[in-house]
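Presented below are the structures under discussion, each in the form of structure tokens.
Two complexes, one shared chain (subunit A), two partners (subunit B, subunit C).
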Partner chain A sequence: MVNIVEIHNLTKTFPGVVAVDNVSLEIREGELMTMLGPSGCGKTTTLRMIGGFEFPDTGRVILEGEDVTRLPPYKRRVNMMFQDFALFPHLTVEKNIAYGMRVAGMAKAELVREVARMLEMIELPDKAKNLPSELSNGQKQRVALARALIRRPRVLLLDEPMSALDAKLRETMQVELKHLHEKLGLTFVLVTHDQTEALVMSDRVVVMDEGRIAQVGTPIELYDNPATPYVANFLGTSNMVVAKVTEVSGETIVTEYGSGTIRVAAQGKRPAVGSEVMLCIRPEKVRVLLNGQDSPESFNRLDGVIAEQFFHGASVHLALDVGAATSIVIQHQLDTAEGQAALPPAGQRVSLSIDPASITLFEEVTAYGAEDRV
Partner chain B sequence: MSQSRRRLFGFAALFAGPAVWWGTVLLAPYAIMFMISFYSKQFPFMIPDFQFGNYIHLVSDPQYYLVLSRSLKIAFFVSVVAFFLSYPLTYFMVFKVKSPRVRLLLYVATIIPLWVSYLLRAYTWKTILGTEGILNSFLIWIGIVDEPIQLFLYNQFAMVITMAYIFTPFMVMPIYAALEKIPRSLLEASKDLGIGKFGTFFRITLPLTIPGILAGFTFTFCLAAGDFISPQLVGGPYSNMIANVVATQYGIANDWPMGSALSMVMLFIVLGIITLSDKFERIGRLNLG
Partner chain C sequence: MTTYEEVRVRERVEPRQMFLKLGGWDVSTATLTVAAACVLAFLYLPIVTLMVFSFNANPITRLPLTEWTFFWYEKAFGNEILLTALGNSLIVASCAVTICLCIGIPTALALDRYDFPGKTALRRLVILPITLPGLITGVSMLTFFKMTGVQLSLATVIIGHGTALTAIVVTNVFARLQRFDRRIEEASADLGAKPLRTFWHITLPNIRSAIIGSSLIAFTLSFDEIPVTYFLTGRDNTLPMYIWSTIRRGMTPEINAIGTVIIGVSIVLLLSSVFIMSDSGVRKRPRK
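This part shows the complex of A and B:
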């Protein structure tokens, strides 16, 4: 696939902070790429440098093979949808959408047609004469989208597009935006701090941490094979437990955790026997063995006591004490007719089954704790 | 019953003071002035009456018309000069000064003359513009002129300059507030949509500050139109403004009915301007929503 945007060694410093630190990235034509990270990780600054709103201290931004590093926003075929939508409050919806198009050289008759087409696309033709203050947030977002798309940009930048919407509308707009992306075949670069949004919408995700790229990959790659504990912790919920290596043999690493042992697929890692490692165990990949259920021989078996239960509707989260410093949280689907009634009560001993291939092992032990897993 | 009575008592206790104050020092003088403006005059007394002679006199005597139009003209020029001085300054403060502390310092420096006596500030311009003044000394020193220029002081030019200086803070304050309220993302969006700096200023920044500009114009215009001191200090002959004539009518001519009629006319002009600007401002504010 062709790279539509290439970022080479981008660095941007603001007084007292390095916002973006030597970031290199390739964005492929037609993909929906998301930059994900907590506030202050440099994702917005990177986006703004692609858009031309900030110039980097060093490094280059290449758009369609052309160096645009120092070009102002109006000289690159990139458009931005702003976090607050930035609709012009004194102009009507149609004037907002048509803004700047005459200067760009579009004939009046064609512009009228294009604006009508855009209004049709965002399903707001009856709001043409309304002022932005008369629209709901969802409608404002569509107008902002139309205003950016009428210019036929090569890349559409979206800065936290859902942050001004309430939770329900957010989900709808995520789907709508994804459909629009598929329909237009345009390259979207989206910035968000919401991992669900990133997982749901993106073709590829860039996880950023303190101005650097932590990992780039498809949502599935990132979720199943996080490169660092930071990525594992940021995407989805996970048990990050510290275990001690007792044996390294071939494709398997055996660790000791609490009173039990956990075998992990080595995946090329070779920690020293006796060293401490970090294991990322996804709550939904652990099974509670009920009523004498069995699991494959190769799977890990752990015994534990149910410490707490947290009801989540479709599932229940169980905190299990396996005789170690931190308990393990697992997600149990309530898909049987008995539902939660089939589960043993708190205080009961149960067996757990974990596929060694579903566990990610990190040789570095970091401070990422076991909070907010339930 | 008793509770509603207690509530009524509390209400009265809270508002009686302001009501008496408002009634005696604001409303009553207006009412008295309005009443006197219909009195007739028989030197040196005025006679309670209800006749329109004073107003007819105002319209028929070109002297009053001249003073009135001069007042409005000077007030207009003062507002325009103050605007063209204030807008770029304020724009610079809000958009170009990066440090919030420096910005606040500049803003306070602009506003702080308001705490200095008006009279003192008007006198200052006398020492700047006079024949022995700073401006002439400077011009002679750099050799542009050989002898002091008398054109600077005691004319309408001097009045406009002085009042523009004195009322500039009233223009800066509302414009500052309006500029500061504009989200930076709007300016970035405009650039993103292909419009450069100047286009963005005229299409976005300026329209969004119209309410502030209107408020500034209203302040400076009304204050300047009713000014009394700068015509006396720096105005020289042929610079009498409406307030000076009113003072003369009350003080020297002892013609209170005429003075009252003049005051009423001025009051209604100012009220008209305020109503108009309020109406426009409201339209502007709706847009900002």
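This part shows the complex of A and C:
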């Protein structure tokens, strides 16, 4: 696949902060790539450097093989959909959409046709004469999208496109944007701090942390094989527990956690016996064994007491006290009759089963706690 | 559950019940009406008097009114000196406003957008002239012109007004720029517009109301300005100067007539400026 955008060793500092620190990235033609991270991680600055709104201190931005590092936005074939949309408040919807092609000098008749086509695409032909202030946020977003797309950019940049929408509309728009992306075959680069959005929409995700790239990969790769505790913690919910290595043998690492032991697939890691490691255990990969249910011999077995229950609709999260510093949160599905019938009450002693291959082991122990996993 | 609307209704009703009702007459409403009438009378009675007497045939401003006439208007508009003064005032005000805009808009843009040494100082210094009494501005500029050997004329009056009133344009335009969402300029650039086009098509339309509004205020202030004009004019007279010098020799209904015309024009200007300034097209967006 061809790289439509390449970023080489991009660094950008603002007074007192290194916003982007030596970031290199390749964006493939036609993919939907998401830059994910908390605010201040440098994702928006990176996007703005691709768009030409910021110039890097060092490094290069290559667009379709051409070095555009120092080119202003109006000389780049990329378009941006701004956070809060930045529609022109004094222009009607149709004039907002027409603006980009008017600047480009498109003939009047063609422009009218093009705008009508765009209004049709965003399903707002009846709002053509309205001012942006008369639109809902969802409608504004669609106008912003049409305004950017009419320029037929090679890359569409989307800066936190969903942040102004309420939760319900957000889900709908995620799907709509994804469909649009598939239909147009355009390259989308999206910036978000919402991990669900990133996982749902993206072909590939770049997780950023303090101006650097923490990991690049497909949502599944990132979710199943996070490279660092930071990524594991940021994507999805996970139990990050600190355990002590008691044995390293072949492909298995045995650790001690609370009163039990947890075996983990080594995956090429070789921590020293006696050292502390961090384990990432996804709540949905843990199974509660009820009424003497059995699990494969190779699976981990842990005993614990249910301390708390958190109802999530289709599932319930159970916090289990396994006799260690932090409890383990597991997800118990409620979408089947068995699942509902088998929901153990708080205070009950249960056995857990965990596949060693589903646990990710990190040799570095970081401060990412387990506060927000419920 | 109480809705917001219900709470509002209740709050609106309850305080009223504390007042006595006398024979169906709501005391609080009556008091308020009288108070409002007094304030309005205080503000506008003199103006109304002036307008009424401009149509009164008796040359002495005194009751009772005698006969209805347009004579004073005819006389005023047949008065060459008065008309010249009016023309001078219009010239001065227009030129002063032009100067204010030429200096004010770029200054406001610079203050809003660029960081440069002495920015805070400039911001305060630009605003200073409006807080200075016209007397001070007049005397200091007179001294300056005398020192540099500049002949006093309408031009010096224009310069005087321009310096004093630039602050109005700067403050108004600057305030609007502060509320202006810079991202729409980025959006314009993103859509292919070069900086100049962005300025004309995006920035200017969104600060236009502030520009027009402050121009109208500056125009009005220049039009009836006396102290600075008094010091800086040569042989030419502006309308307020003419009126003032005429009145010293006694009140004539002619002045009432020209006053009424000016009031009429002022009201039109004022209303249009309020109308333009209140446009709510631009809304503040949080800045990054």
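In the analysis below, the second predicted complex is superposed on the first by the 369 of 374 C-alpha atoms of A that agree within 3 Å, B and C clash if a C-alpha of one lies under 4 Å from a C-alpha of the other, contacts with A are read in each partner's own complex, and residues count from 1 in each chain.
The definition used in the following text is that a contact is a pair of C-beta atoms (placed from the backbone, for glycine too) under 8 Å apart; a residue touches a chain by one contact, two chains touch by 3 or more.
Bear in mind the structure is a predicted one, so any value in this text is a computation, not a measurement.
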So if we stack both complexes on subunit A, do subunit B and subunit C clash, or do they fit? clash
Touching A:Thr366 in the superposition: subunit B (first), subunit C (second), both, neither? neither
Once the structures are superposed on A, label A:Gln309 by its partner contacts, choosing first (subunit B), second (subunit C), both or neither. neither
First (subunit B), second (subunit C), both or neither: which does A:Pro72 touch? both
Once the complexes are superposed, what residues of subunit A are shared between the subunit B interface and the subunit C interface? 51-53, 72-74, 79-80, 82-84, 86-90, 99-100, 103-104, 131, 133, 147-148, 151
State the interface residues of subunit A toward subunit B in the complex, per the touch definition above. 51-53, 72-74, 79-80, 82-84, 86-90, 99-101, 103-104, 131-134, 147-148, 151
Within their complex, subunit C touches subunit A through residues 181, 183-184, 186-194, 197, 201-202, 205-206, 280-283, 285
Note: in the complex, subunit B contacts subunit A through residues 183, 185-186, 188-196, 199, 203-204, 207-208, 284, 286-289
Provide the residue numbers of subunit A that touch subunit C in the complex, in ascending order. 51-53, 72-74, 79-80, 82-84, 86-90, 99-100, 103-104, 131, 133, 147-148, 151
